[in-house]
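Have a look at these structures, which come just after this line.
Shared between the two complexes below is chain A, which has chain B as its partner in the first and chain C in the second.
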Partner chain A sequence: MSNTTEHSFSLVITGAPYSSQAPQTALAFAEAVIAAGHRIDRVFLYGDGVHLASALIAPPSDEMNLPKLWSEFLAEHNIPAVACIASALRRGLVNEQEQKRYELSASNLLPAFEIAGLGEWVESTIKSTKTLYFHAGD
Partner chain B sequence: MMSDFHTLHILNKTPDHPRFSECLGMSSSDDALLLTENGVLALTTSRVLGDRTVYALKSDLTARAIDTHQSNVGAIDYQGMVELSLKAKRVICW
Partner chain C sequence: METLIVIDQAPYGSFAGREALDMAFSLAAFDQPASLLFTGAGVHWLRKGQAPDSIHQKSVEKNLSAAPIFGIEQLLVDSASCERFGLTVDDLPDGITLIDGNADMIGRYQNVLFAG
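Our next item is the complex of A and B:
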């Protein structure tokens, strides 16, 4: 089946890297979307999914570095990615602005991601052809 | 292989997860089921899926050493998953 029209997707990742397969499945799906000539409007991280945006995850070098792979993918295709602020703050994921606001000792948000409310989520689900959720399997 | 259907149910839960039977209960005969991640383990137990149109992600089958050659299950790659999700009028991720 060849697609002559361009479609767009919003992806919502709620499963954490390493404790769920969600970020890995989502990345393979996202790559296939681009390969088919379609677009990804936005990627949302919600709940435990926000851990994917942490700059402090350091897996063994022979294992997939999912935050790094996702960052590279987002940057290469110029795709905006949003970590839900309510989920992020509760899980120790902060940018410099939130670090200052809450007087924390460090910030750890990867540059490919931003921390924001999920208003754009609503907008994207209306705008995109399809919205897919990548939940944890348990 | 990709017949017409209304809703695509993407199911990544093991067969013993409550969401698994919930998904089967909610899907009708004009829907398609796509098994991903540990959802593909349903193919190791006999006949839980009935006569639905069933697809499964090839990479998840391979990772779990599940062979679908003797069954009616359509093994698809991520490209196929993109096509299925666009073909569906509605997608539900369980």
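Our next item is the complex of A and C:
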């Protein structure tokens, strides 16, 4: 594919896996971005999208494991991925640090993701040439 | 590089609108210009006298009144949507600008995002 202008993308996913198509559509888009020689600066999970970073999602073995597929993609291309802390805490997605802070019984953040504030998203919108949103669409 | 955040759903039915508002406040906190457009059922955000205490939610009316303090550039509302949902100019809080929220208007912003 000819590519005269290189873009850098930030992807914001607000739809949850299995409840919406958003994480799968975003992954297909992200793969196409890399294949076309562009860059992805960051993936930001917001609202219900934070469920994608859960280590406790266990779909049947003959179905797509979206958290696993996303984790592999992020690791392979060395792309930072952030779940919004306010969205995550409301929906039961925590790392060890937040588990301790809120004295919760477990943590469940996949290693490919980190938890941080909306400032990371603001930085993305400034840094990337394009920021795209993947919503649940209902 | 101004961002337009479009709220097109009524408040309280989901967290999407509130989380979009948090995005707007966050941009403003980092000195990035942001404006809000209320359109479709989103115009219900602007109704006065909301009383969400009975459903144990925080008033979006109160949240929105903080917008100028946070440095939100403009609060815009689509006039056709106001008409459709029976809101007159007198019903709207201070500091709201009535506009024609059409594609041309939205297209003037470099970044546009809808509440999920």
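The definition used in the following text is that the second predicted complex is superposed on the first by the 136 of 138 C-alpha atoms of A that agree within 3 Å, B and C clash if a C-alpha of one lies under 4 Å from a C-alpha of the other, contacts with A are read in each partner's own complex, and residues count from 1 in each chain.
Just so it is clear, a contact is a pair of C-beta atoms (placed from the backbone, for glycine too) under 8 Å apart; a residue touches a chain by one contact, two chains touch by 3 or more.
Since this is a predicted model, take the numbers as computed values, not measurements.
After overlaying the two complexes on the shared chain, residue contacts for A:28 are found with chain B alone; chain C is out of touch. By the touch criterion defined above, A:119 reaches chain C but does not reach chain B. Touch criterion met: A:7 reaches chain B, while chain C stays clear of it.
Contact with chain B, but none with chain C, is seen for A:38 once the two complexes are overlaid on the shared chain.
When the shared chain is aligned, no partner comes close enough to touch A:77: not chain B, not chain C. In the superposition on chain A, A:101 contacts neither chain B nor chain C.
Looking at the shared chain after the overlay, A:133 reaches both chain B and chain C. Residues 131, 133, 135 of chain A lie at the contact with chain B in one complex and at the contact with chain C in the other.
Residues 1, 3, 7, 9, 21, 25, 28-29, 31-33, 35-36, 38, 129-135, 137-138 of chain A are the ones that touch chain B when the two sit in their complex. Residues 12, 14-15, 46-49, 86-87, 90, 117-119, 121-123, 125-126, 131, 133, 135-136 of chain A are the ones touching chain C in the complex.
On chain C, the positions that touch chain A within their shared complex are 1, 3, 15-16, 19, 22-23, 26-27, 29-30, 32, 111, 113-114, 116.
The touching residues of chain B, when paired with chain A in their complex, are 2, 10, 12-14, 17, 36-39, 57, 59, 77-79, 81-83, 85-88, 91, 93-94.
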